[in-house]
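In the two assemblies presented below, subunit A is common to both, partnered first by subunit B and then by subunit C.
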Partner chain A sequence: MTRAQKLNVVGFAALIVLLFAFPYLGTSGYQVSLASTVLIAAILAATVNFLAGDGGMGSLGHGAIAAAAAYGAGWSSLQGHSITMQVVVAMGTGIVVTLAYGLLSMRTNGIYFLMVTLAVGMVIYGLAYRLSSVTRGENGITGIQRPEMLAEPWAFYLFVVASFLVVTLVLLVVSRSPFGAGLRGVRDSESRMRSLGYYVPAFKLVAFMISGTIASYAGLLSVWHTHFVSPSSAEVHRSVLLFVMVILGGLGTTLGPLVGATIVVLVENVVSNSMERWPTLLGVIFVLAILFARAGLVGSTAKLVRRMRQRRAGAGPDDAAELTDVPPTSGTTTSVRP
Partner chain B sequence: MKSTTTSAHRRLGALMSLGAAAALVLAACAPASSSDPTTPASDPTTSDAAPSDDANGETPAGEGGTLKVGYISPITGNFAIAGQEMVDGWNLFWEINGSEAGGVTVETIVEDDAGNPELSLTKARKLVESDGVDVVVGPLLANTALATAAYTSSVGVPNLHPVAAADDLTQREANDLTLRTGSMSGSQMNYPGGVWAAEEGHKTAVTLCPDYAFGWESCAGFKQGFEQNGGEVVSQIWYPNGTSDFATYVSQIQAANADIAFVVTAGGAPGPDFLRSFMGLGLTDSQDLVMNCCGMDQATLRALGDEVLGFKSISYWAEGRQSPVVEEFNNAYAERYEGKIPSANVAGGYMTASLVAKVLEENGLVTGEDLVAAIGDASFEDSVLGKVSWDEYNNTVGSVYIREVQERDGKLYNVPIREFNDVDQWLGLDPDEAMARETYSQSFQG
Partner chain C sequence: MFEPVFLAQQALNGLSFGALLFLLASGLTLVFGLQRIVNLAHGAFYMLGGYIGIIIATMTGNLLLAAIVSMIAVGVTALVVELGLLRFVRGQEMPEVLLTIGVMFVVADLCLAFFGGDPKTLPAQASIQGAFQLGGLTYPWYRLFVIAVAVAVGIALALIQSKTRVGAVVRAGVDDREIISAMGVNISWVFTGMFVVGAALAALGGTIGSGVLSIRPGIQNDVLLYALVVIIIGGLGSIKGAAVGAVLIGVIDAFAKAWIPEFAYFTIFAPMALVLVFRPTGLFGRTA
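Showing the complex of A and B:
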């Protein structure tokens, strides 16, 4: 396995170098800005991925959390606050909204959790749409500026890359911590965790707060990127696309969100230039992934590599182990602890 | 143990997949541009403005150079029909007149934004930074238009708006590079309706508008026109977007017992839906009614047929106006689109194209602020929208028509019965005074 680990490290290092070098590879301003869009979407998808992969909580409200933070920045910019103040207001709005989500949803699971987050998301969308004195209604808020030092597109891109790496690292650390183990325990069996003496809602609330805070940060980044926020960023459609990204990439995988976000954003922004029925293409990709790569692109590739390696090792009797590792109907990464 | 936990997890995965799949299916099923079977087969996403454009490869471009136009419109998603019409209007003009004006070849790149402002922005970036367009036209919806205008003005590229109605586009967010070319702002286009209603002798009015920016602006325009001329709006009713059953709203209109009812929709299904309820409750003869541009557009006339004969509405576009320009436009459109009569969206696209052509003919190739300035100075004695010029905030100053549905050659037209000329966007106020007020909402109607 050391070889596989080495490969992983080299792969990650190459990815990081590639990400940082991207603006210097003769790319146009448009491509750099598109890459920023991908990475911001990937950060947001990573928060959904963390919550669903480690916590077993599928949220349909993360788009709205990010939008709430974006509106915080927008409102604050309308009041003429300084950039620092805008960041504070944006993050504050996002965190308060996250807390509301968390408190409402921490005692639910499965479809009920999905429904509660969907409902709160709709409330935020409704407010954005109707509370025009604060949000300017459907017109949205324009002219939101980012800090001077990030004004250049490439500077902003590098900042987004750094943010993406930090967020990925933080989520990885949280996931590997005792708290992360507890969270997976909650995901696998709430009743078992309860009987072991854990207070399950607290786990869920903390996980939601971590995820929501990062989602707020992604919302802030996106408003810095587009200089604009309108109710459409709080639409359910946005949250659903986050899920599509996560599932395409691979639920519970570290790089899944990035891969999923790349596919979705590129189909939305680039394929649509030359193909009229791009929403259909996105749907077809999604259906194919569900049918043939249930662990997502990253998850399935990892499985495939593992299986090929086992086969090369020629361990016939190991087939049994392989079977339990990859159950035929396994939905997603099912790392079940005994 | 293991099997239960696995299956719980799997269930969640399946659940989420199911939800996401359902949503995607919905999105994919939404009409793509050619949801309209009557649209010609030409692929609009790659459409270079006109068939005659194909000749570009053989004959060198006009001596005056090439004006590259990026055209953003929602040709997929919920607004696909309106978005496609906006593109059709633009293409139609160049098909009729050839894609050359004043020696300048006009080359169009159409991009789809699906009605999503983030997508509009990336598309605008792509057009400007990657394709190097000289001017961006569109998009259609208020929020997408405002987002795009903010970007294009920051990079010094002109942005023309054939359909977008948001007041702020040419008021609080106005700038030297953004023009409304083919329509009017929401309050502007309905203000004369209020004036007309008051002049007709109506003392009281009730309004019914959708509960978001376009509805607020439209109702505010009507209300101010009506009240400045001695009328009184006794009740304002708001309905959420997506309403399909208007029975309760119609009873509220009935209960308000006002002389005239003013009803706004943003186009699409709500117009026919409202009218069916209205006629179903037997109010056709007992309640005076005037609708806005989009509640009584050609889609509504086609849906309801003779039942709506004699119904009145207010718009800057009247397909039944007796004018050579309008007739030429109507005929050309009908010829290509199976006898259909063009809507305001088509007219907006066509108007924008004729404006660009006019400016190019008079000035040769102009770009950037010169293009905007040239358009600002332009005026039409008679265009498809009537007499039009542009104010210093780059908004149209033009005619608004009170229209009545009439039959002509077996087809239904909105025929003007009263015309207001040189209507500007200030509703009788001073520009600074108008912009110092808060933006319209349910609670502030001017």
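Showing the complex of A and C:
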């Protein structure tokens, strides 16, 4: 194990301990609840990150996938179904919606992909808003309960932490698998993969299904967290914020989504108390990140550390083993229609 | 439900909404054709243009003046965005698009700060009053005026593109950037000009459209959705495609709102899905 790897392992272990210990550090109920919000957002951002970082597919529709699953849970709870049934309905709704996204977008790439996911997401918002016989329209659905076992806020928080870690691990494994390598191949050159005999749309569809299924799970967690779902959770704004988190944290990095989600959720929930124009602040932070820290906070820090270490060691090749895997500068670029 | 008068009225509703969509989508598709970026701040430019237009129209009662002022103001905003931000990431597809998202956030939020959250519409004194009568059919003149504006803009754009030197430079830029710059054209200023023109078209749409749809927070996303669907159907970069897509979506949307209001949003999705499955580059888009 190289020194860099050791450092990474120690860092991750410290993070895991910190996450689990958080409710016992004298934090208030509000802070624990906020931490749950951050982690749920981080799970969702991780799904966007996976698709954009490894697959080169920038999605602006993941917020709506999560909302669809949340609505599934809400509708099911209105029918008086059991918790197990609610989970089944929520995940089922999420997966069906994901399949629709995937089938529509699997033959597109680059900007077209972005626009298709954006448009489908807006359609889901429209349905949530107008199909009031199922969704109760603008008022949304309230009183959705989580399982007895997770009723206590701290229990739910720990469950969310565990979910976050499992999701991160699963995405890491998928990304390191032969499938992940193929996906990166598709990202870098579709025509090359095609001529090597791969069926590119299948790669994209499977990647989208993995990403969308986890996003549905995040939607279920969020509805368990707030007991409430309304059309605003399906707004484009939500999906855009997910993308902001991914870029701020660092596209294609393992911890980027968590860092990005922390910044965005804090600006949205804490800074907004003292500053009315927080969306402007968020927009400005986002623009600055794109202009000056393209690799995001995690990516840029990793780069900086590597550069400093190289200077000290005289350009040693020791940095090959990075836990982060930063794609070439602009990240998700594949030309639209060559 | 199927009386001729009702059908005619819905068809006209569809056409006038389609006309508005064309004003919106044409700017978006032109910018895409040249620069290969989708300007996601387009909806926010529409919103800003609408607010400025309403204010000038309220002050002067003159719709033409309102449209001109709002086009200039939004054009200048776009110029600042282009020179101050987009130029630094030129040629990198994703960062360019993401920057426009940041711009959308800021513009939409500042609109909320300056113009408040109440829906605003074009004041009556600047609008065209009265209605057109034919047999049992009554239809407001203003909506017919919207159709006329869109037709005029469409014809003007088509003529400029095919008959003038500027149009030739733009067409050459779409086909081959390297060659046109080797021939002595400063292509980055052509990009800038096109971005400003696209934003000005959005502002025109916002000002004219504020007589039909009220301008309110959140409108930027609604109009962006429609514009995106229109250009996905029509094919990115094609004016003809934008026109066909706009009329198609306008008419479908009008009839869907009248017949199946619960699914109104969903019905514009069906044609888009069909186009994507059978012709992923859109009806008039270029195939790879």
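In the analysis below, the second predicted complex is superposed on the first by the 313 of 338 C-alpha atoms of A that agree within 3 Å, B and C clash if a C-alpha of one lies under 4 Å from a C-alpha of the other, contacts with A are read in each partner's own complex, and residues count from 1 in each chain.
Going forward, a contact is a pair of C-beta atoms (placed from the backbone, for glycine too) under 8 Å apart; a residue touches a chain by one contact, two chains touch by 3 or more.
Note that this is a predicted model, so its numbers are computed, not measured.
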Worksheet item: After the subunit A overlay, clash or fit between subunit B and subunit C?
Response: clash
Worksheet entry | Contacts of A:Ile247 with subunit B and subunit C, given as first, second, both or neither | both
Worksheet item: Does subunit B (first) or subunit C (second) touch A:Leu104, or do both, or does neither?
Response: second
Worksheet item: Between subunit B (first) and subunit C (second), which does A:His237 come into contact with in this model arrangement: first, second, both, or neither?
Response: both
Discussion item. Let me test your reading of the model: by the given contact rule, A:Thr226 touches which partner, first (subunit B), second (subunit C), both or neither?
Written reply: first
Discussion item. Touch test for A:Gly283: subunit B only (first), subunit C only (second), both, or neither?
Written reply: both
Fill in: Greater residue coverage of subunit A in the superposed arrangement, subunit B or subunit C
B
Fill in: Contacts of A:Arg130 with subunit B and subunit C, given as first, second, both or neither
both
Discussion item. On the A-aligned overlay, A:Glu138 touches which partner chain: subunit B = first, subunit C = second, or both, or neither?
Written reply: first
Discussion item. On the A-aligned overlay, A:Val116 touches which partner chain: subunit B = first, subunit C = second, or both, or neither?
Written reply: second
Worksheet item: Which partner does A:Arg187 contact after superposing on A: first (subunit B), second (subunit C), both, neither?
Response: first
Worksheet item: Where on subunit A do the contacts with subunit B and the contacts with subunit C coincide?
Response: 58, 110-111, 114, 129-130, 132-133, 236-237, 240, 243-244, 247, 276-277, 279-280, 282-283, 286-287, 290, 294, 329-332, 336, 338
Discussion item. Applying the document's contact rule, which stretches of subunit A touch subunit B when the two form their complex?
Written reply: 28-31, 33-34, 37, 52, 56, 58, 60, 110-111, 114, 129-130, 132-133, 136-140, 142-143, 187-189, 222, 226-228, 230-233, 236-237, 240, 243-244, 247, 251, 268-269, 272-280, 282-283, 286-287, 290, 294, 327, 329-332, 334, 336, 338
Practice prompt. State the interface residues of subunit A toward subunit C in the complex, per the touch definition above.
Written response: 58, 104-105, 107-108, 110-112, 114-116, 118-120, 122-123, 125-127, 129-133, 235-237, 240, 243-244, 247, 276-277, 279-280, 282-284, 286-287, 290-291, 294, 329-333, 335-338
Fill in: Of subunit B, residues touching subunit A in the complex
1-2, 4-6, 8-17, 19-21, 23-25, 27-28, 30, 32-34, 43-46, 75-77, 111-112, 114-119, 121-123, 125-126, 128-130, 141-143, 146-147, 149-151, 154, 166, 168, 173, 211-214, 216, 438-441, 443
Worksheet item: Inside the complex, what are the residues of subunit C that reach subunit A?
Response: 32, 36-38, 85, 88-89, 92-95, 97-99, 101-106, 108-110, 113, 221, 224-225, 228-229, 232, 236, 261-266, 268-269, 272-273, 276-277, 280-281, 285-288
